[in-house]
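Would you mind keeping the following structure in view while I ask a few things?
For clarity, chains are labelled A, B and C in written order, and residue numbers in each chain start from 1.
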Amino acid sequence: MLDVKDVVTAYGKIEALKGVSLSVEPGSITCLLGPNGAGKTTLMYTIAGILRPRRGSVRFGGDELVGQSADRVVNRGIALVPENRLVFPQMSVTENLAAGAYLRHDHGEIASDLEKLFARFPALKERRSQPAGTLSGGEQQMLAVARALMSRPKLLMMDEPSMGLAPLVVEEIFRIVGELNRDGITIFMVEQNAHMALKVAHKFFLMEQGKVTFAGAPGEVAQDEVIRRAYLGSAKAT
Amino acid sequence: MSDFAVGLISNIGMITFVALSAYLLLVSGSISFGQQAYFGLGAYAAGIATTLWDWPLALGLAFGALTGALGGGLVGALTRRLHGLYFAIATLAFAEMTRLALDLWRYQRPIGGELVGPDGPNGFAGIRRAFTDGWEPLSFMILIWVLLAGTMLVLILFERSRSGAALRGAGEDPVLARALGTDVARLRVNTAAAAGAIAGLGGGLYAHLNTYIEPRLFDVMLGVHALAYGIIGGLGTAFGPLIGVLIDIGILESSRLFQGWRMVVFGGLVALLLIWRPRGLLDEATVRRLRRLFTTPARHA
Amino acid sequence: MIVDIVQTLLNGLAAGAAYALLGVGFTMMFGVMRRLNLSYGATLMFGGYLGALLASRAGGALPDAALVLLAAAVTVAGATLAGLYVERLCFAPLRGRSGVAAMVSSFAVWMQIEEFSTWLLPLHTNPYPAPFNVASWQLGALTLRPEHLLTLLVAVLVAILLHRLLRASRFGLAVRTLSDSPAAAQAVGIDAGRTTLLAFLAASTVGGIGAWLVLVADQQVTPMFGMWSMAKGLIAMMLGGLGSIPGAVAGGLLLGVLEASGQALFGPQIRELIAWGALFLVLVLRPGGLFGRAAFDLDIAAHQRL
């Protein structure tokens, strides 16, 4: 479904991605693991069309995405739940969701999607006219997910959705991820919480210093010393 | 040297004082649209001291600088909680208040049979101390540039010192600077006072060279020009503001090139320059490269 | 006595309504760019000069009413056109980069537009076509001036239209997301470049209408108009709280009333001093604006490194 090949993305002279290749199968939950500064967020932004790569290609369902603007990428069916949630703090919950549907023109459908999402996230419904900046961290994360869903994505990219949240909320988020996936949405997520990630993922990639250094299925992980050192070890420490 | 050249070179020197004043604040991370206020306050203070109170020129100039420092320090202290745009606009508001207050202010005394002193919008004429003391336009020009060179030397030495580094650090990342133990609020007040002193000194010189000043000379145009000069010349070195003034006043105004169209040309050039180099001609990276160019051969020798 | 107070208030509100539009235009530009457009006043002056130029060239050939309407159209269009030039030259190329550079660049272009305008009409004072041959109306002891009524009417109309545009249109949604959080707007696929440009143009148009209201009341335009209208817009914007459109409206009205009462109490020379003094006080004591914004701390973070 998503094929990333040899992508190089740089900030000025510093290359944050040094030739990244990976692929996401349709219908799967794919996790991207890696230490801080590995370039995971950079990769998400590159796929989303927000950052432009120096080289390489990003194909989605056969279309080349490199060179397309961010709104085109959303239109193709990719939605991003950005790192740190990034809700619109002064706009109401409903307006935040409307912004997620910004590129759609089917007004009737938008209204019914809104009601469906409110059914899925009852906490948001209760706070529908409250400014998003006043929601709790967990509620903001739900809002960011719901906002992304408003564009009716085929592929949902999530950048560290569990960051800074209490264990119960993290469970809740992973439960929703599973549900969405069962509904047919492909998930590509960055996750620091390796234990949780490996429980739900069908496939994972490990990224270090701008390169994919390992790929596999969760069953293979525990045996692999490389991952234990590079990743699980540091996750336990925090 | 022709009178025209002497006048022009003196002018460049005096405007550079205001530009340096804005530059110093810029380096510390604050944008000021209001350094013309201290230039004006310095001009009035120095003029009053030498003309109405009969102080010697040197004391008058010092008094001008002191007044500028007090004004700058006061505003710096009042606005120490403000950042970015809020600070910039507060300085603008203060400068306009100063100008409008000078428009209302009368303080005159009969001297030699005529009334002398600030007379509201009619200005303040007869600041003749420098010329009765025997300064010629040429020698006064040299005085201006000696004082300017001294000021720039102090600034350059300061920038290389530890406090100078702290200042630049606070400008680039105030949160980090605070975490590293810099008292950012105090640093900002002191910087504002120093910048006020520099502008005030320039103002005192201006009053004595022209012998006449009026409030409207110290309007926003002067202040924003001063700021622009620093950015055009470059934020990497104290020579930046001087280069900015040289380009605008030295080349474009004096050459009468593009007469009547100077601003159309200059404005467009500045806009294009800033697309190409957003931190000016001599930005930090260029200065570092130049410094390396000049120091490496010395090390080999 | 009471009548005097009411009259002063009325005069102040009428002037303030025009200030409010100047402030709203400024605020919209700031909202989408987080940058101060220093050439704002100059672009309005350019529009005013085009209107005056029209009057001086074609004034005799046109019926009065047509001239007034045409001058209004030319002024608003001129301000918008100059806004397009400024956005393309000063802000679009520097988006996401140094804010100081963009600001200085817009200052340089201020000088440019101002010089170009005075080249069009070199005289200091230029008559501006105004629709008021009608005398003032008396309402008891109150004097109702036609230009005041026009200003209030137009300002209220523009405010309502703008409110609808921002609250109920797709474009308005894009503008508000961009003002609220540029990074989040990017993540949901909003085209920041295009939205900024369109919002900038809309803001120039609103400012142009405000400028027109001032010019028809003054019946003239001078080279000081650029500086003057920028000052009024800036003070209106900051008094109400940077970044808030209702705040800018309130700030503009307050500024008008402050100036009118200051003038009534202490004479015309004090008028401007009061305006700047009020701004300085508000910034020092309540930087988030009179109509308070708890978000000031967020603003500090956002604008610290302009």
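The working rule: a residue touches a chain if its C-beta (ideal position, glycine included) is under 8 Å from a C-beta of that chain, and two chains touch if they have at least 3 such contacts.
Only a predicted model underlies this, so the values are computations on that prediction, with no experimental measurement involved.
Think of each touching pair as a link: the shortest run of links from chain B to chain C has 1 of them.
Distance from each chain's C-alpha mean to the overall C-alpha mean is smallest for C. Most remote from chain A, judged by the distance between CA-atom centroids, is B. With each centre defined as the average position of its C-alpha atoms, the distance from chain B to chain C rounds to 30 Å. For the pair chain A and chain B, the distance between C-alpha centroids works out to 52 Å. For the pair chain A and chain C, the distance between mean C-alpha positions equals 42 Å.
Touching chain C in their complex are the following residues of chain A: 48, 50, 69-71, 73-75, 80, 82, 86-91, 95, 98-100, 102-103, 147-148, 151. Chain contact summary for the complex, chain C toward chain A: residues 170, 173-174, 176-177, 180-181, 183-191, 295, 298.
Residue ranges of chain B in contact with chain C, taken from their complex: 26, 29, 31, 78-79, 81-86, 88-90, 92-94, 96-97, 100-101, 103-104, 172-174, 220-221, 224, 227-228, 231-232, 260-264, 266-271, 274-275, 278-279.
Across the interface of their complex, chain B is touched by residues 36, 38, 89-90, 93-94, 97-98, 100-105, 107-116, 119, 227, 231, 234, 238, 242, 269-270, 272-273, 276-277, 279-280, 283-284, 287, 299-300, 303-306 of chain C.
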